[in-house]
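The two complexes that follow have subunit A in common; it is paired with subunit B in the first and with subunit C in the second.
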Partner chain A sequence: MKEQLGESVSAVNGKDGIMVHTVAKERLFEFMKEMKEKGFDSLSLITGVDRKDYLEVVYHLHNFATDEYVEVKTTTDNGVVPSLVSLWSSARWDEREEYDLMGIKFEGHENLKRIFLPENWVGHPLRKDYNLKNIQYINMDKDGEDYATFDPGDGW
Partner chain B sequence: MDEVKTGDPGIITTTLEKALTWARSNSIWPLTFGLACCAIEMMTVQSARHDISRFGSEIFRNSPRQSDLMIVAGTVTKKMAPRLKRLYDEMPYPKYVIAMGVCVIQGGPYVHGYSVVLGVDKVVPVDVYVPGCPPTPDALTYGIMTLQEKIRGEIDR
Partner chain C sequence: MSEFVELNFGPQHPSTHGVLRLKAKLDGEIIRELEPVIGYLHRDAEKLCELTFYADNLILFDRMDYVGSMLMESGYLEAAEKILSIDPPERAQWIRVVMNELSRIAAHLVWAGAFGLDLGMLTPFFYCFAERDKILDIFTEICGTRQETNYMSIGGVYQDITPEIMDHILEFTETFPKRLEEIYKLFVKNDVFISRNKGIGVLDRETAIDYGVTGPMLRASGVNYDVRKAKPYLVYDKVNFEVPVSYKGDNLARFLVRFEELRQSVKIVREAVKKIPDGPHFNPKAKKPMMIRLRGDGEYYARTESAKGEFGVYIVGDGGVKPYRVRVRSPTFKNLSVLPVLAKDQMIADMVAISGTLDLVFGEIDR
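Moving on to the complex of A and B:
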């Protein structure tokens, strides 16, 4: 698979009939800009997949005029992917969620911080190497800000 | 058979305690508070078919300051737990809590998850547990009636 990624773009048909484009992350922004110019005006969702030795990011695009869906996949070894906020504003929260739960960093995002969990939460829970035995608890301080703690007497 | 309403109320002797608990048990107003899928069953309980108004749980109040009962319906996440505690603290005494569904009782299917509180009784004291996934509206009605019996002091559990 990685050999294919060295090339620019390979397009194949998924089993449910949706076109799947696999793009190298260096070419991702350029490719997405082309897709937007083609009429894919909505970024439906962003998914992160932990393949253990590398991370995969899947984008679902929708064309409202022709009711066409398309999937774009990219992979990353170091967990860094270019941000698409300048193309679709919906990427702003989706990328923050990806960062929160999967630990994928989006280069160029202006406010890349956690969206669900408190800022001092240790680790990213949907990663394969996240240790579920190391239980963390959440409590609220007097200002209404959440914080994470390892002490079961302090939070819930 | 000739019953004529004379307007004469007659006399009933009772204790103040009994009268108070009877009044209390027949006017439990729940808080509008749904967390997950169990909330759908909780809404059904209010509908015409299962109508808990017949038992005195008249309307779901939107403010914790006006309600007596918190029905915790749905998975309590760690993010929600401090908020739940705050809502409970805002309710006036006497206040009661029903834990609805197996997620609320001990974590249920999410018992190995990173984000779920394993039992709402770690956060607030619970009066009645209604197990099920989700419990039927009948089960919740039974739970509310059990709570009424508990308030009246008919059962001691």
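Moving on to the complex of A and C:
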């Protein structure tokens, strides 16, 4: 079951029977805009998958009127994809989370900073090459902002 | 240019339901700008899932929404069992429905008690927790633990349900509705409660959908969406229940929707316990020593209705004994992201009431 949709490829390849559209990241924003006009009013989930030599970004879209779910996939070599905050507000926190843990940069996000970890944390934990043995500690400075440090004496 | 007072709220504060920190810019007593700071309970469960076996990951999900842990377990298993191609037998599916709904009652009771505390009402808290304890006693009987149950497992449930436990559950469904109405009256017969919630924190339908809000919050804003009805999983298509919807979208609407859900959950439990069929409670393909050798392949996105909203689990398998990538769609994470919109131009005290109706559980937001 394959069909050509502009420059994107659509197929069902997961076990869940959800239609997957694969789009080049240059066309992602226009494609998503079309999807929103088609009635997909909610961006349910953004997932980054580290495929070792490239990053894959998976978007789950939901249409509340027909209860239809679709996946939109795109790949990136340098970790930069366009931001979708102007289309769905739910992207605002999801993109910050994926930036924090996976290191994907969303171009056009107005406030792309880490959401869980302190701003100076080294590395992105969900990357496959992240070194788990390199322990970082968290402390708080005089202004009440958290910071990360490698010095165990400085941690809590 | 007017000057604002900056107020730091939390992370250790009784009315933030955990470790939520809010940075507010105040104009007198009115909030002009609000920024939630989260991550204090973060332990990166998604990474930990990649490091352990499919079967072992279950305990990480217990610790997400720790007040309703059975719902988290069945949410994870919904995806993991499809990846591993193991089907739970019919009896296990019915037991899971019973446990899910008991867990939903327990989770909503925690919310109701804490919501009362946010508004300065101490009494309902004790009523709610006394009832919740009866459910936790049932959980203790069935699996030995009160909160982080780890009861379900890949291929079914870990221990069979006995007739005595079924009697205890039925006994609970007899006594609970009367107590529930008592608790309900404690809230709604209180004029202060009504005036502090009616018309406060109105969330309209478009904003709710735009921010990805789900669960009782979305249903209080007029969207009839419940995963149990929209895409029935387990045996939810074989039980009778209704989905409460309100069109007001304010604090009171969210309160009423959750209370109606409590009544519906009792109905489901009563019906499902009687319908549990005979048979095995466990799929022998996933028996104990074999469990960690199961290999998963492919991708699966499973959505379930947790106490807070649509709980989604997206698993990518690479044919190994450990998942390649696990992604959790946390409903409270999305529900919290709408708080800056709701609290804008409201009083500080109203912001506490609004955040009370979001039903925040930080184990799930921070993961």
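Definition applied: the second predicted complex is superposed on the first by the 142 of 156 C-alpha atoms of A that agree within 3 Å, B and C clash if a C-alpha of one lies under 4 Å from a C-alpha of the other, contacts with A are read in each partner's own complex, and residues count from 1 in each chain.
Heads up, the rule we're going with is that a residue touches a chain if its C-beta (ideal position, glycine included) is under 8 Å from a C-beta of that chain, and two chains touch if they have at least 3 such contacts.
Predicted, not measured: the structure shown is a model, and the values here were computed from it.
Trainee: Scan A:His60 for contacts with subunit B and subunit C and give back first, second, both or neither.
Mentor: Touch status of A:His60: second partner only.
Trainee: With the two complexes superposed on chain A, say which partner A:Ser90 touches: subunit B (first), subunit C (second), both, or neither.
Mentor: second
Trainee: A:Phe116 contacts which: subunit B (first), subunit C (second), both, neither?
Mentor: A:Phe116 contacts both subunit B and subunit C.
Trainee: Answer with first, second, both or neither: which of subunit B and subunit C does A:Asn139 touch in the superposed model?
Mentor: The answer is first: A:Asn139 touches subunit B but not subunit C.
Trainee: Looking at the overlay, does A:Pro125 come into contact with subunit B only (first), subunit C only (second), both, or neither?
Mentor: In the superposition, A:Pro125 touches subunit B and subunit C alike.
Trainee: Applying the document's definition of touch, where does A:Gly153 land relative to subunit B and subunit C: first, second, both, or neither?
Mentor: In the superposition, A:Gly153 contacts neither subunit B nor subunit C.
Trainee: Of subunit B and subunit C, which one touches more of subunit A's residues?
Mentor: C
Trainee: Shared contact residues on subunit A for subunit B and subunit C?
Mentor: Touching subunit B and subunit C on subunit A: residues 116-117, 125, 130.
Trainee: Quick check: in the complex, which residue numbers of subunit A touch subunit C?
Mentor: Contact set of subunit A toward subunit C: 13-16, 18, 41-45, 47, 49-50, 58, 60, 64, 67, 69, 71, 88-90, 92-94, 97, 101, 115-117, 125-126, 130, 144.
Trainee: Mind pulling up the subunit C residues that touch subunit A in the complex?
Mentor: Going through subunit C, the ones touching subunit A are 8, 38-39, 42, 44, 46-47, 82-83, 207, 209-212, 223, 225, 230-231, 298-303, 310, 312, 314, 316, 324-325, 327, 329, 333-334, 337, 366.
Trainee: Provide the residue numbers of subunit B that touch subunit A in the complex, in ascending order.
Mentor: 78-79, 81-83, 85-86, 112, 114-115, 117, 122-123
Trainee: Using the touch rule from the top, collect the residues of subunit A that touch subunit B in their complex.
Mentor: Residues in contact with subunit B: 116-117, 125, 130, 132, 135-140, 146, 155-156.
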